[in-house]
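Here the chain labels run A, B and C in written order, and each chain numbers its own residues starting at 1.
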Amino acid sequence: MQRVDRRIIYTLIFISVIVPTLWPLQLPTAVTPETQSFFNAVDSLPSGSRILFPFDCWPSTLAETEPMAVAALRHCFRKDLRVVGLSNVGMGGPSVLERVLLQVGGEFGKEYGTDYVNLGYKANYQAVLLGMGSKIEDIFPTDHHGTRLAELPLMREVPNYDSLRFTVIISDNAMVDYWVSLVNARYGMPMVAAVTAVMAPKQLSYVQAHQLQGLLGGMKGAAEYERLIGAIDKANRGMDSQSLIHLLVIGFIVLGNVGYFVTRDKRRAPAGQQG
Amino acid sequence: MRRLRPGAVVPPAVLLIVLFHVGTALADAPAPSGAFRIERLNILVFALIFSAAVLWYIRRAVRGETFYIRPLSGLNAVDEAVGRATEMGRPIIFIPGTGELDQIQTIAGLSVLGRVAATTARCRTPLRVPVLYPLPMAAAQETVKQAYLDEGITDPLDPQTVQYVAGESFSFSARIGGMMAREKPAAAIYMGQFTAESLLIAEMGQAVGAIQIAGTAEPEQLPFFIAACDYTLIGEEFYAASAYLSNEPKMLGALRGQDLMKVVIVVVVVAGVVSATVGWGEEIWRVLLAAL
Amino acid sequence: MKHRLPILVAFISGAIMIVAFFGRGSVVDAVSDEALRGQTIVAGIALLLGVFSIVQVHWGRITTHHSDRVYSAVLLLCLAMMAGFGVFAGVDAGGVYDWLFQKIQAPMMATMFSMLAFFIASAAYRAFRARTIPSTILLVTAIVVMLGRIPMGQYLYDGLPSWANWIMVVPSVAVQRGIIIGAALGAASMSLRILLGIERTYLGRG
């Protein structure tokens, strides 16, 4: 029992992922205080506020980060917030952000250039984060499509951080630390973050220090947020699979320990007394 | 060996507590001008205290004082790992993290690589060092080349020894998986900054039966290494690895100075918790200000 | 001089960044900006080193009839193809390069990431054994958190999600802070040793 072939484990995990995908269980998800704080922080912004929306994610983590980005953007557009997007991940970041902005912007009838902008990517994140505090146009002379910022109505109103009210960070790497230490600490920009589940425990210390006003952690955080905004989507469907996998892992752990204790007792018993 | 005395800990701790309040007051004050960023004074003073502590103990170490370093089983296992690989005739994989050369963890990993390369050169054990970025690759090549030269190996370095593998962490882990499946290393050593690929690499190493030693300062990746590897160096144990393996007095003295600062921080944290719990913090500060 | 020059360069570079961190002024900011720009330029040129390494290793495998030469040929072909499309057809959205990245590279990256689900199961099964008291505490904590994060946990016991959240928010964060503080001190000590030339193994010298 304590030496189950890993192929059996992998097969059962595979089944646990596929079955709920084909036959959704529609299990409810409890909302954590950090997700509620994230929601409250965005919900308290006045309609028409300009916010920054960094999408600092690699394509590999899209299963976790894209649902969070979509849910957060739906909330922002529902509140008629005006979104300035950018990415500090060159490989895939701006194009995925573009896709998400187009998808959610289309749902709410938002217009590019007026309601949202995608600035794209520039190398050297330190220069980007600090430079935007002085003048965004020095760092991004054009947007992701090559249009000069002066030609975009939204960007004419946003010369630097002073014109932005809030930041919603979507990230799967250490960029959250840099946003907090370089932008929140120096410019006082209030912010929330949506990060992968593995990163969430570390970022909780920022929430406790009030450097972040809320936190979404992984697919569960996205599922909670979808419930709060009343738009059940991919994350909630994904939580069905995650729930089954958690139970399966717990089952294997229990099985392994049962096997361990049984064989330990057998090893301890003198030879003539076994069985 | 001398233990840390309260006299060495209390003055820096008091200074740090005062600095915290100074820094808070400066942060609330209007933005100052001038050549020196006064709002960072507390950081500067902390850095000076830290440097003074490290340099003080380096000086004492150079003068012959010995310092006790507790055994780090992960580092003691490096020789065992190399010996195992030599007996089995299989290579050792060493991954100096997946960070760029400007990350301090990468430099720490390269420091350990130097020691490991020297041991593998001595035992004539094949070494594989796959690297994620080109600059660490260049540094690793120099490190391994020098270690080989010091052991009398003057042949040109085999290009297969230190290889650049993609520029993205999951492509890197796919390559490592293939390398492990084909070459079946007897030992795998992971020392540096890692992200999500840590568990992928460690599990692939487990699958081929390699003895695995890991060291990182990334709190998110430590649980994966602890679950999948035989030995794990946690946080500052990893940074101490170079000093531990070299046993040089200056390095050991620096470790001692660093430990002093950790004790100071613990004292400050405890003082802060007590004062916040009983509500004395503001009162003490008011009394101090009035006295000044 | 050959051995002292890199140490001197490291010291001067470090000193510049320290002065830039604490200082203010046009000269200080300009020097710091130039240093950061220089770092970006060096990293960009170093990419050529990486490409050269890959080509050298895999071309060598092809010409020496290595057993994996087919994979090496595929790798070099893909390298040439992506570089060619990127340089001659551009990297803009909607182009061939972008299509190859979005439809082939990105799904492969996501696939590798998704393998973590399988590997965490096998790692947890193997590692979580109640051999000692600390490992038993670890085991119980992991089960509480895993159950508390899913709806079934709430069905089993109403308070499980809040227990799981408490574990993540209080002891877990406290431990992480401790590790981060210790690691930060270790990094600071290592940085000081590098600046002062005490630590030289990264230069290839023991």
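Keep in mind that, in the parts below, a contact is a pair of C-beta atoms (placed from the backbone, for glycine too) under 8 Å apart; a residue touches a chain by one contact, two chains touch by 3 or more.
Being a predicted model, the structure only gives us computed values, none of them experimental.
The minimum number of touch steps separating chain B from chain C is 1. Counting contacting C-beta pairs between every two chains, the top pair is B-C. With every chain reduced to the mean of its CA atoms, the largest distance from chain A is reached by B.
When every chain is reduced to the mean of its C-alpha atoms, the one closest to the centre of the whole protein set is C.
In whole angstrom, the spacing between the mean C-alpha positions of chain B and chain C is 15. Separating the CA-averaged centres of chain A and chain B is a span of 29 Å. The centroid of the Cα atoms in chain A and the matching centroid in chain C are 18 Å apart. In chain C, the positions touching at least two other chains are 39, 109, 112-113, 120, 122, 124, 126, 128, 176, 180.
Each of residues 168, 170, 196, 219 in chain B touches at least two other chains. Multi-chain contact residues of chain A (touching two or more other chains) are listed as 6, 58, 60-61, 91, 201-202. Within the complex formed with chain B, the chain A residues making contact are 6, 58, 60-61, 91, 173, 196, 198-199, 201-202. Residues 33-37, 40, 43-44, 47, 50-51, 54, 58, 100, 102, 104-105, 107-108, 110-111, 113-115, 118, 133-135, 137-139, 142-143, 145-147, 150, 159-160, 163-165, 167-168, 170-171, 173-174, 178, 182, 196-197, 199-200, 202-203, 206, 217, 219, 222, 224, 226-228, 234-236, 238-240, 242, 246, 250-251, 254-255, 257-258, 261-262, 265 of chain B are the ones touching chain C in the complex.
Across the complex, chain A is touched by residues 33, 36-37, 39-40, 93, 98, 101-102, 105-106, 109-110, 112-114, 117-118, 120-122, 124-126, 128-131, 139, 142-143, 146-147, 149-152, 154, 161, 165, 168-169, 172-173, 176-177, 180 of chain C. Those residues of chain C whose C-beta lies close enough to touch chain B in the complex are 21-25, 28, 39, 42-43, 46-51, 53-54, 56-57, 60, 68, 71, 108-109, 112-113, 115-116, 119-120, 122-124, 126-128, 176, 179-183, 185-194, 198-199, 201-206.
In the complex of the two chains, the chain A residues touching chain C come out as 2, 4, 6, 9-10, 13-14, 17, 27-30, 32-34, 58-63, 91-92, 95, 98, 123-124, 126-127, 144, 200-202, 204-205, 208, 220, 239, 242-243, 245-250, 252-253, 255-257, 260-261.
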